[in-house]
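Here come two complexes built around subunit A, the first alongside subunit B, the second alongside subunit C.
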Partner chain A sequence: MSLGTAQDANAPSVAEANELLDKIVLKQLHLMEEKMRCELNIESSIKNGSIHLAKSRYIMGQSAVSTARLPTESSADFSASTVCETVEEDGIKQIKVIENDAENTVNPLRWFGVLVPQNMHKAQNIFQNTINFIVECVNVQVQLQTNLKYIGMLRQYINSVN
Partner chain B sequence: MDLKGSLVDTNLRIFPSNSLLDYIKKLPINNDVPLNIARLVKGKSYEAKRKHDLDEEAKIPVHFNSTDIENLNKIKAITKIDDNTEEVVEKEETEVKPEEETVTVEKTEDKPTTPEKSEAKPVTPEKTEDTSTEEGSPSKDDSKEQSLEEMKIEEDEEEDLYLTTSDIDWLYIYLQNQRKKGTENVPYLNTLLEGSDVRIPKNQRIKRNPVLEARCVKLRAQQEAREYRKMTKSVDNVRLRFPEDSISYQMKQLNRQLIAIGQFLISIFAGFLFGFRGVEWMVGNLDFGFRLLLGVMCALVIALAEIYFLAKKLNEELNIPETVQLGGPPKFADGRHNNYEYEPRVSKKAIDKEHQD
Partner chain C sequence: MALHAAVKGKLISVIGDEDTCVGFLLGGIGEINKNRHPNFMVVDKNTPVSEIEECFKRFIKRDDIDIILINQNIAEMIRHVIDSHIAPVPAVLEIPSKDHPYDASKDSILRRAKGMFNPEDLVR
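Right after this comes the complex of A and B.
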């Protein structure tokens, strides 16, 4: 069990590495389930938002709410109203949503008219909420990937020590 | 054209490898062992008599403590001096590895589907307590199996026993305890899990209702026929002058426009009256000239608004729905409903709609 001391006095033993690996594997399983739950959240909220969008399309008519109303390449530039930023906590990279306070943001509802139905507002809110779910999902994914890296690394370590 | 239902339960299914199975078989089975593990050992029909839920054990999250992180960093330093270059290689390597993690990566793209429910529900000790449900459950499964027979081989896999994450949690804690007690040769969880198959639960596939399908085909055919008739109107001698030249059409058109103009005049007049008399009644005696001015102002404002609606109304054309046969070519019509049964109903509906508008 104390083979690890050959390399470095400080180096963790195989037992420690193995325990660590156990923990990471277990965590990986939990993260996978969490990711699935996140995806379920995303799915349901996108579904809800789409239904509201469809309702407003029914109210306003097909041509009033369609892709033709979206800005094209030739229209004026605007900046994103929500941006993400990467922060590092405990050595884990996480993505956070922040509101962009740049001046030239636009309200997408304006593309469809000044007086848009209530459903459109609801759809907008739901979609904005979905961003949070997506970011949550991405964070889990990032953790999954780092864990993967750790698993490979620990395996290598254990093999090399043995 | 099948739809995918959303996921019902998000538990992973871990199909144990032989080495894990061998180890589990050596475990002493008592009432503290999770149901799934016990079933793996004792066979599918095993029912535990546990009273308390597993939850409090299962819910303990695994957290790294500071020594763990320290060790991790040390190992990182030892194994990878050049972090960046190796990182890429590592990642690719692990991505190819036929292990549980690769499944997650693929998962979002394709979720193949199978029925969600299976008889080996993870941890449900309450259910096992009375024997009547126990008797009832196999037959229920059988009927379900029959109904979903087309679901290929996956059905068989469904029948297999699997572990859930909470079982693995339990195993981890169990191994930890064994080690603390000083038992020799306690295997590590990661070596046990090696080679095990981890599967993602699959979406339910929802069959499209054949009645709906038939209806869609019919409606589409009708729509196409309508468009075709509109398109060929100018070349068909019979229909060329049909609605526009008839007296009733002309009279209706005239009526509509007269009514619209009448409404316009009435509202302007009412606006004028309000300014001319109404304000005086409300406020008291006013000068004649001022009253006239008020009336004209009110009328003007109302006229402005009304002109918009008048223009809209006069602009639109009276369209009389066709009363002749609609409906697709005979090949679209299915045997049960023949075309002539529903057509009059459809065209009547169209007329009703016209009036509502």
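Right after this comes the complex of A and C.
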């Protein structure tokens, strides 16, 4: 987006620039609201998932669902089963969740045992769903950042014309 | 859209408390790459702030990471580092944890967005 200088024949007038600034600021307010809504979705989702983790912990024992079960730097390498990719739709970059088709993915449930309680499966489903909320929130955040940049540029332009 | 099907997806990394890490790793975002570098970090009450800071900086430098999730209470500890990261990629998302509800007034991005509504800026 090149704004040019005030001397350019095609440069937008101050009124036009102000109108554009108004539109972007209004959009920014909507995006801020959207971001907070997404964060609240994430929050309730994490709380739900945590309850199921706690129930599994109650059934399997305190240390059975803990960081001690997570892989460490000394364990064998493996790939993430859920990854994200950036796609461009209508000129807007969007991040999307995709399943990784690499061969060395693992089922994380296996870290916690062969026969894990039903709650563990439920927790897994909930956290997989949370990842969708996360990506939705990140997309809003990226738009917020882009708009911030535009607002800064427009303000600079309006100041330079005035 | 099928053109970039061959492009390998980017990772989602997480810096969080025990339940956040266990949960999201259960969701399938965890990875340990060939160099044995994990894309997650579990923070407990004994973890030094310098270690969190170092890990965050390491994740930012990695080009296979697109999203960094960090619990908001942990983000508070390294706020200066998070505030100085303004590039859109990797996106740093502050998430609530089960013990610390989301507080919009602490979020780096929302604070920056709100900053433009300063009365001083509007007068200019």
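Going forward, the second predicted complex is superposed on the first by the 152 of 162 C-alpha atoms of A that agree within 3 Å, B and C clash if a C-alpha of one lies under 4 Å from a C-alpha of the other, contacts with A are read in each partner's own complex, and residues count from 1 in each chain.
Quick note on the criterion: contacts are C-beta pairs under 8 Å (C-beta built on N, C-alpha and C of every residue); 3 or more make two chains touch, one makes a residue touch a chain.
Computed from a prediction, not measured in an experiment: that's the story for all the values here.
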Applying the document's definition of touching, compare subunit B and subunit C: which contacts more of subunit A?
C
Once the structures are superposed on A, label A:T86 by its partner contacts, choosing first (subunit B), second (subunit C), both or neither.
second
Considering only touches as defined above, state whether A:H30 meets subunit B (first), subunit C (second), both or neither.
first
Is A:L40 in contact with subunit B, with subunit C, with both, or with neither (first, second, both, neither)?
both
Taking the superposition as given, does A:N119 touch the first partner, subunit B, the second, subunit C, both, or neither?
neither
Which partner does A:T67 reach: the first (subunit B), the second (subunit C), both, or neither?
second
Would you sort A:L144 into first (subunit B), second (subunit C), both or neither based on which partner it touches?
both
Determine where on subunit A the residues touched by subunit B overlap those touched by subunit C, and list them.
25, 28, 32, 35-36, 39-40, 43, 144-145, 148, 151-152
Per the contact definition, I'd like the list of subunit C residues that touch subunit A in the complex.
1, 4, 7-12, 18-34, 36-40, 42, 44, 66-67, 69, 86, 88, 91, 93-98, 101-102, 104, 107, 109-110, 112-114, 116, 121, 124
Subunit A residues touching subunit B - in the complex, by the definition given at the top
7-8, 10-12, 16-23, 25-30, 32-33, 35-37, 39-40, 43-44, 90-91, 144-145, 148-154, 156-157, 160
In the complex, the residues of subunit A that touch subunit C are 25, 28, 31-32, 35-36, 39-40, 42-43, 46-47, 49-50, 53, 65-67, 69-87, 95, 98, 100, 105, 108-109, 120, 123-124, 126-128, 130-131, 134-135, 137-138, 141-142, 144-146, 148, 151-152, 155, 159
Looking at the complex, which residues from subunit B come into contact with subunit A?
6-7, 10-12, 14, 61-62, 64, 68-69, 71-76, 78-80, 87, 90-91, 93-94, 100-101, 104, 107-108, 165, 168-169, 172, 175, 188-191, 193, 198, 200-201
